[in-house]
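Below, subunit A partners subunit B and then partners subunit C, in two separate complexes.
On to the complex of A and B.
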């Protein structure tokens, strides 16, 4: 079932939580609402669920206006960050709750309920824990029970509010892969809220990046990363190094650092800020004609296939920079902490005078 | 001796803290109780049976039990409501209301009894209105019930309140997204989780009512066979220096209370142990 959100407006007192939100979600998609806390993503999710009322605007499911439809009748499955399981009921009774709440005429027979509960518990791989109480489960298991409970009524729409927020890193990663896989199996239109960029990028078909009650960009994960629509999106998706300096028409300079590049994006007075992503640069022991960014090697962190290096600018003003190298490149470099090195950006993002994103540039 | 939960106890040593607790329990609870048991044991079964099946005793059992049951019933409902209002709403005077709940604990019961009987007497502030519709409160079992519910209300409120505060709103929202009506959410989710605490509070209120003396005797009228409560009858027997009969009667309240409290404890721990995951 497709979801359409039109011109949603929501205020809490003086605080504008959502400002003119428009959103289209295609049937069967898994959409991630990504943003920092306070960006309005949870409020938007709750408005779609009917747990919160918008001050203005409409919500449509499959073309039908559900703005004034009670949450009980919206046929949404909702998964809460803190699980919200009924602690006095067993796992099986938790999952059966929605079915037992159906009006007598629509309620399946006892045996049918039991069968459906077993199916759902098998789906979330918890069949062996049907008789346990929520307090006897781990966080990941609880969230899977919550998901089975939300799916029991075959909802048209599945909404998940930071579903993995309360779990530790390893379980999180397992569970989000598993959610992706589950979504391929049951393909119910789903929206989930997260503040974790990696999670949104890995799980979603479409990412909606939100900031201060507005949608900054809605696109596929790849597009959001490679063609960010705004400075906020670029900034929010992963770490960036901001390099502030002057442009004289041929090269960018800050202190004794220098990059030769061509761009139209500089301010009239020559000020130019460049964004550098940690993985879009090489490190060498010598400067080149096109790039001379001397740095001192600081702390390094080796994790998986990449090595993250902290670099301190030598003789030019910049905050501590972060550059990621592959493990092979790091070994080939053969450098020790305290060594002087040179950063060679492969690609840089210019920021225009009015704070928007300008063209990408390559030093040459 | 194995120490639960923590390896290091903040209290000095198990032996000392255990000995002190046991000593206190013995002095304050067990020794007086064994005095009672000794008095009772000096009677033969026939004598004991004779005392407790005496028509006047039976009538007082009836009055006491019925009034205590009525009072606990009222308190279960009113106490739950009060706890709900205090935990769920923010209104001016909430803290005052919260503090007032404990007043029956603080007020000497005799003072409460005098006040209630003045209020509910046929010409009292409240009594006259009841009288106008033909209901006598003072000097009837109804009056006993009111006095009992006054003194035992805090038990229900204070038992239910912390559990209610623990219930997070997202559980109710979850019930709503699963199609539960407000009524179903209340009974199947909220009340179901409150039940152990509510049971405990009500049972405590009931046992407290069984033994209540000070607040009741002023409003009861104390007519033998009609409005004479058990603890008053015990007192009358004591005045007659009939310690055996007094002890026999008291042992009935005691046994009833112990059985009830123990039973409730059992039910509650079985329920909550599973909910808490032990």
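On to the complex of A and C.
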């Protein structure tokens, strides 16, 4: 079932939570709403679910206007951030709840309910815990019970609010792979909210980046990363180094640092800010004609195949920079903390005077 | 975290606390029973079967039996409004609930006398209908309801506040009606606290003296509850009788204390239910 959101507005007192939100989700997709806290993503999710009412705008499921349709009739499955399992009911009774609440005429027979519950618990691989109470489950297990409960009524739409928010890193990673897999199995149109970039990038078909009640960009994870629509999106997706300096038409300068490049993005007074992603630079022991960014090597952290290095600008004003090298490149560099090195950006993002993204540039 | 006392003056402080409790609380309670039994079991039996005593017990129970359900519903309603909705005057409402705590019961009794007495408009109208409010059962129930109305709400509000309403929302999304959500989700979550509130309300209703004494008119054999009877017999120099009635009240108080302890323990356990998972097995989906 496709979901369409049209011109949604929502205010809480003086605070504008959502401002003119338009969104199209195709049938069977898994969409991640990504944004910092306070960006309105949970409010949007709750409006789509019908738990919250928008001040203006419409929500359509499969072309049908459901804006004024009662929550109970929307056929929506919802997984709450803290799972909201019924603490006084067993796992099986939690999953059966929706079926038991059906009007007598529509309610399946006892045995049919039991069978459906077993199916669902098998689907989330918790059949062996049917008799447990929520307090006796781990976070990941609770999460899966919540999911099974949300799927019991065969919803047209599945909505998940920070589904992995309360889990530790390892369980998180496993569970989101599993969710991706589950979605391929049951392919119900799903929207989930997250503040974790990696999570959104890994799980979603489409990522919706939100900020301050507005949608900044909606695209595939790859597009969002490679062609960010705004400075916010660029900023939000991973760490960046912001380099502030002056541009005289041929080269960019800050103190004794210098980059030779051609661009048209600079301000009239010559100010130019460059964004450098940590993995889009090399480190060498010498400057070149096109790049002279002296730095002092600080702390390093080795994790997996990459080495993250903290670099302190030498003789030019910049915050501590972060550059990622492959393990091989790091070994080849053969440097010690305290050594003077030179950053050689492969690609930089210019920021225009009005704060938007300018063209990408390469020092040459 | 509590620490173990290490110095002698810390032990002294604890000893002083125990002594104060013994002198101020336990001894008087024990004396009630010694006094009641001072002239033997037969006397106690005679006092207990005295028609005035039986009437007082019956009246006390009737008042409590009406008061408790009324305040149970009232308390749930108030707690529901204050914790579930955001509206102008929410804080005010939550403060107003405490009026009976702040006000002397005697004053409450007098207020009711003024508002519902035979000379008032309301009282006059009722007496025209043949219903006497003051110096009769209705008035006594009314002031008892007034005095005990905060208990259930005050127990429920913090609990419901801390539990939030995600479970109710989950129930609604799963198709439950408002009533079903209350019955199958909210009520089980608050049942121990609710019982705790009921126990407190009941204890207060049974023991209420000030407000009831003002509106009862102290009519012998008609409007005397147990606390009023204690006072009456004491004035009549029927000391043993007074202490027997007091003993009954004290016994009820002890039962209340026991129930309260059990329920407090149960409430605490339910509110901590989801705090910590007891299982930490490897979580591989």
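Rule of thumb we're sticking to: the second predicted complex is superposed on the first by the 364 of 364 C-alpha atoms of A that agree within 3 Å, B and C clash if a C-alpha of one lies under 4 Å from a C-alpha of the other, contacts with A are read in each partner's own complex, and residues count from 1 in each chain.
Note that in this section a residue touches a chain if its C-beta (ideal position, glycine included) is under 8 Å from a C-beta of that chain, and two chains touch if they have at least 3 such contacts.
Note that the structure is predicted; figures quoted are calculated from it, not measured.
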{"item": "Clash or fit, subunit B versus subunit C on superposed subunit A", "value": "clash"}
{"item": "Most subunit A residues touched (candidates subunit B, subunit C)", "value": "C"}
{"item": "First, second, both or neither for A:144, with subunit B first and subunit C second", "value": "second"}
{"item": "Touched partner set for A:116, first subunit B, second subunit C, both or neither", "value": "neither"}
{"item": "Which superposed partner A:277 touches (first subunit B, second subunit C, both, neither)", "value": "neither"}
{"item": "First (subunit B), second (subunit C), both or neither touched by A:80", "value": "both"}
{"item": "First (subunit B), second (subunit C), both or neither touched by A:10", "value": "neither"}
{"item": "First, second, both or neither for A:41, with subunit B first and subunit C second", "value": "neither"}
{"item": "Subunit C collision site on subunit B, chosen from 21-29, 39-47 or 129-137, when both complexes are overlaid on chain A", "value": "129-137"}
{"item": "Contact residues common to both interfaces of subunit A (with subunit B and with subunit C)", "value": "49, 51, 71-72, 76-78, 80, 82, 84-88, 97-98, 101-102, 133-136, 149, 152-153"}
{"item": "Subunit C - residues contacting subunit A, complex", "value": "166-167, 169-177, 180, 184-185, 188-189, 270, 273-281, 283-285"}
{"item": "Complex contact set, residues of subunit B against subunit A", "value": "168, 170-171, 173-181, 184, 188-189, 192-193, 271, 274-277"}
{"item": "Partner subunit C, residues of subunit A touching it in the complex", "value": "49, 51, 71-72, 76-78, 80-82, 84-88, 97-98, 101-102, 124-125, 132-142, 144, 149, 152-153, 171, 174-175, 178"}
{"item": "In the complex, subunit A residues that touch subunit B", "value": "49, 51, 71-73, 76-78, 80, 82, 84-89, 97-98, 101-102, 133-136, 146, 149-150, 152-153"}
